[in-house]
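Each of the two complexes below includes chain A, the first together with chain B, the second together with chain C.
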Partner chain A sequence: MSRRETLSILGGAFTAAALACVPFLFGDYGLSLAINIVSYAVLATAWSLFSGPTRYVSLATVAFFGIGAYTTAVFAETLPWPAVLAIAAGVGVVVATVVGLSTLRLSGVYFVIFSFGLAELVRQLVTWWEVNKTRTLGRYVFTDITAAQIYWQLLALAVLVFVAGFLIGRSRLGLALRAIGDDETVARHTGIDTTRAKVALFVLSTVFMTLTGAIMAPRWTYIDPAIAFNPVVSFTVLIMALLGGVHRLYGPVLGVVPLALLFEFLLARFPNHFSIMVGLVFILIVYAIPRGIAGLVEQAVRRPA
Partner chain B sequence: MSVLLQVEGLTRRFGGLVAVDALSFSIEPGEVVGLLGPNGSGKTTVLNLLSGALKADAGSIAFKGQSISGSAVHTIARLGVARTFQLVRPLASLSCHDNVLTGLAFGRSRAWGTAARATADALLDRVGLGRARDTLPGELTYIDQKRLELARALALQPDLLLLDEWLAGLNPTELEEGIALIRSLSGQGITILLVEHVMDAIRSLCGRLLVMNTGRLIASGPPQQVLADPEVVRAYLGDDGDA
Partner chain C sequence: MLLEVTLSGVTLGGMYALVAMGLTLQYGVARIMNLSYGELLIAAAFAALWFYSGLALSPLLGLLVVPPLAFALSYAIYRILLQPLVRRAKTRDALEVDSILATFGLLFVIQGVMLAVFGGAYYSYSFLSIPLNIAGATVAANRLLALVLAVVIGLGLYLALTRTRLGTAVRAVAVDPVAAQLVAIDVRTASALAFALGGALVAAAGVLVSMFLTFNANLGVVFTLKALVVVIMGGVGNLLGALIAGLILGLVENYVAVFIDPGLTLAATYAIFLIVLLVRPQGLLGRSSR
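Coming up: the complex of A and B.
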């Protein structure tokens, strides 16, 4: 292990420990903002775990997030909490495997469109089921989980996603994914089973999204398909990851923090023009900083002024 | 084992065009075979069929006695068939070292860790790229990118190496080095099938030539004999009457 890696591990552990103190230091508003930021940090990091190296841009984030949220809504009152999380992860794995095997042969824009369609499809299926079978369209989520507990769970999940990303980066799988991102044909010719590598990482990445949804659900008290499967979540995650930079593990977080704060501000000040402003921000980011903040940081380090 | 590669009735169509038409040939272990033919005669398609990048419409390919027609590209690569591409295709975001490491990590050696890194360095040295270990392929010259691609192919520890115009575009000095390198690979026991237009290389390297025209095999045999074959001359230069 190189010195730089040791330093990043120590830095990460210290940051996580410091962040764990947030619920004791700030009030309710601060905690709710922190929950928002950490949940997006998990989503954006998990997103770029797969989409960064392979360059398969996925808009299916909310499909998995929503599946997790609904798992909690259905089981939280009857089952112990760890079982709920295990079911959420299990459902996420099954859906991601089926979706991965059937779609990761698509490339470029076809995959983007499919992934967006998938989120809508899942939302419509859940809506249909709720209307026709259970005869409800909304569900109440009653648990005794506190906001601080949600925050700590998300933080633990964030640590896990970083550890997973760190280990993958050092593994054979990480090398395979970078090769796939560069040239899939060549990757196959060097003996890489590209389908297996892509599906494995897609599944891993989406399990984190599913768990985020499951952990976040108690925050809402009431959920319906429009809330749980809101496509804005997918786009937000995408913007955050792109702003931060997807070619470094720490990149997405650099995009999450400023954008989460900005969106909070925009929602409070301009609730009616929120979507337009988010769109403008997206365009600006793609044109102005295509390699993300992480790219700018590296450039600055490499060429000191 | 007397035959390394056995191809029978191999056919591939693109729409109405028959790019490879009922091609049959075999290659014995240790041979260096040149695959020749005018542009568009189907040579690269043959390599793509052998490596699995394209599926055949008809016919069979057996490698070391095992059928590989219809096998996935990565399966064929792991069995010991490596290739280079006509237009070089290095993995652009990976250093030279990591480019070679892919072949080691996923090829038949499944090597990883310190040993794999040392082997990757050795392979880079072997093709003359030892100094460029941490360089990105985009910063290399054309010949060096070709060397890199060769090192990546060698990392698969192939029994059969498919070279698609690997010597094209080199200057005379580089050509000499390239020929020497291929000869040393052959000396190491690797069987080589090369698509090539550079006659000097063909004469000095190949023990046998296969000549294709419009998807069919029109000649096969030792270089002197094949290159003097009237039908081969006609394929390249046209009929006497045309001249």
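Coming up: the complex of A and C.
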């Protein structure tokens, strides 16, 4: 292990420990803001875990987030909490495997289009099921989980994402994925089973999204398909990851913090024009900072040398 | 009953085909994967609604005004917003990713404007909703009119692309943008024209759709999705393929809605899409993939 890696591990552990103290230091508003930021940090990092190296743009974040949230809504009252999380992760794995196996063998566009509609498809299927089979559209989520506990669970999940990303970056799988991102044909010719590598990583990244949804669900107390599968979430995650920069593990977080604060402000000031603002911010980022903040930082660091 | 369902399925399929033809022009020729495509359809539907209930004019008059406006708007969008991306992109894949991202942002801007103006409520108006009797089946006159107009527009487009010099140039760009330059075709202008023409087509489809469907400001994404599915099913850049795939999709959706459950139409769309992806990824009429 190089000195730089040891330093980043120590830095990460220290940051996590410091962040764990947030519930004791700030009030309710500060805590809810922190929950928001950490949940988006997990989602954006998980997103770029797959989409960064492979360059397959996934627009389906909220499909998995919503699946997790709905699993909590269905099982939280009858099953112990760890079992709920396990079921959520299991459902996420099954859906991601089916989607991955059927679309990731093909060129990237098919995957983008499929993921574009996946949230809508899942939303309609859940609605159909609830209306026809259980005859309840919308559920209440009553648990005794406090906001601080939600925050700590999300923080633990964030640590897991970073550890997973760190280990993948050092493994053969990580090398294979970077090769796929550079040139898939070449990667296949050097003996990499590209489909298996892509599907494995896609499944891993979506498990984190599903778990985030499951952990976040008690925050809402009421859930219906329109809330759980709100496409703005996919969109927000995508912007945050892109602003931060997807080619570095720490990149997405650099985008999450400023944008989460900005959106908090916009939502409070312009609740009716929120999506226009977000769209404009997004277009601005695509044009002005295509390599993200992490890219800018690296450029700035490299220049004087 | 079966005939009635089939007829309304054909109408819907005709709309899908028209929408998909526009998208295949934008994606096949201009190489822009436009995720904000369906928003223009809904915007045109709102414009037709305004023509009818605001100005008390026939929506058919809207068909003369709205598509040219959409043409101008799409042309401006391509020149101002998308051409910098085309210049920046090193490869076709890079352009695809960039255009997906940029138009994804555009989607939320246009949708946000429409939500701010019209809210999330569903709209419809009743124009020519006279029942007609065809071989024992009852069809609303507005549906039939929409179908006829879609056929006329589609046929006009097909002839324009195959029989005129400009149309041939546009098709040449679709086949190979680099080789097209070698035979003195202005690729940038042809791409911009194709993109604008796609916008005009989807606006025309929006006016037609508004005559017989209820719509709201959130529905654009669904139309984009179906157009994408039809384009891929038919084979990218293939107008005839788009026509056939559009009809298949319209028919299947209507059969599922009537005979199984209206809540499962999107699932049916996806099932067809998956089958085509697994069996013929190059599309029904497409040549083998690149």
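Note that in this section the second predicted complex is superposed on the first by the 303 of 305 C-alpha atoms of A that agree within 3 Å, B and C clash if a C-alpha of one lies under 4 Å from a C-alpha of the other, contacts with A are read in each partner's own complex, and residues count from 1 in each chain.
The working rule: a contact is a pair of C-beta atoms (placed from the backbone, for glycine too) under 8 Å apart; a residue touches a chain by one contact, two chains touch by 3 or more.
What you see is a predicted model; the values in this text were computed from it and never measured.
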Partner chain(s) touched by A:183 [first = chain B, second = chain C, both, neither]: first
Touching partner for A:124 - first (chain B), second (chain C), both, neither: second
Which of chain B and chain C A:175 touches, first, second, both or neither: first
Most chain A residues touched (candidates chain B, chain C): C
Which superposed partner A:273 touches (first chain B, second chain C, both, neither): second
Chain B versus chain C as contact partner of A:108, first or second or both or neither: second
First, second, both or neither for A:132, with chain B first and chain C second: second
Interfacial residue positions of chain A with respect to chain C in the complex: 55, 57, 59, 102-103, 106-110, 112-114, 116-117, 120-121, 124-125, 127-128, 131-132, 231-232, 235, 238, 242, 272-280, 282-283, 286-287, 290
Residue numbers on chain C that touch chain A, as the complex places them: 33, 35, 81, 84-85, 88, 93, 96-98, 100-102, 104-113, 115-116, 221-222, 224-225, 228-229, 232, 261, 263-264, 266-267, 270, 273-274, 277-278, 281, 289-290
Contact set on chain B toward chain A in their complex: 51-53, 72-74, 77-78, 82-83, 85, 89, 91-94, 98, 101-103, 105-108, 112, 152, 155-156
Chain A residues touching chain B - in the complex, by the definition given at the top: 172, 175-176, 178-179, 181-183, 185-194
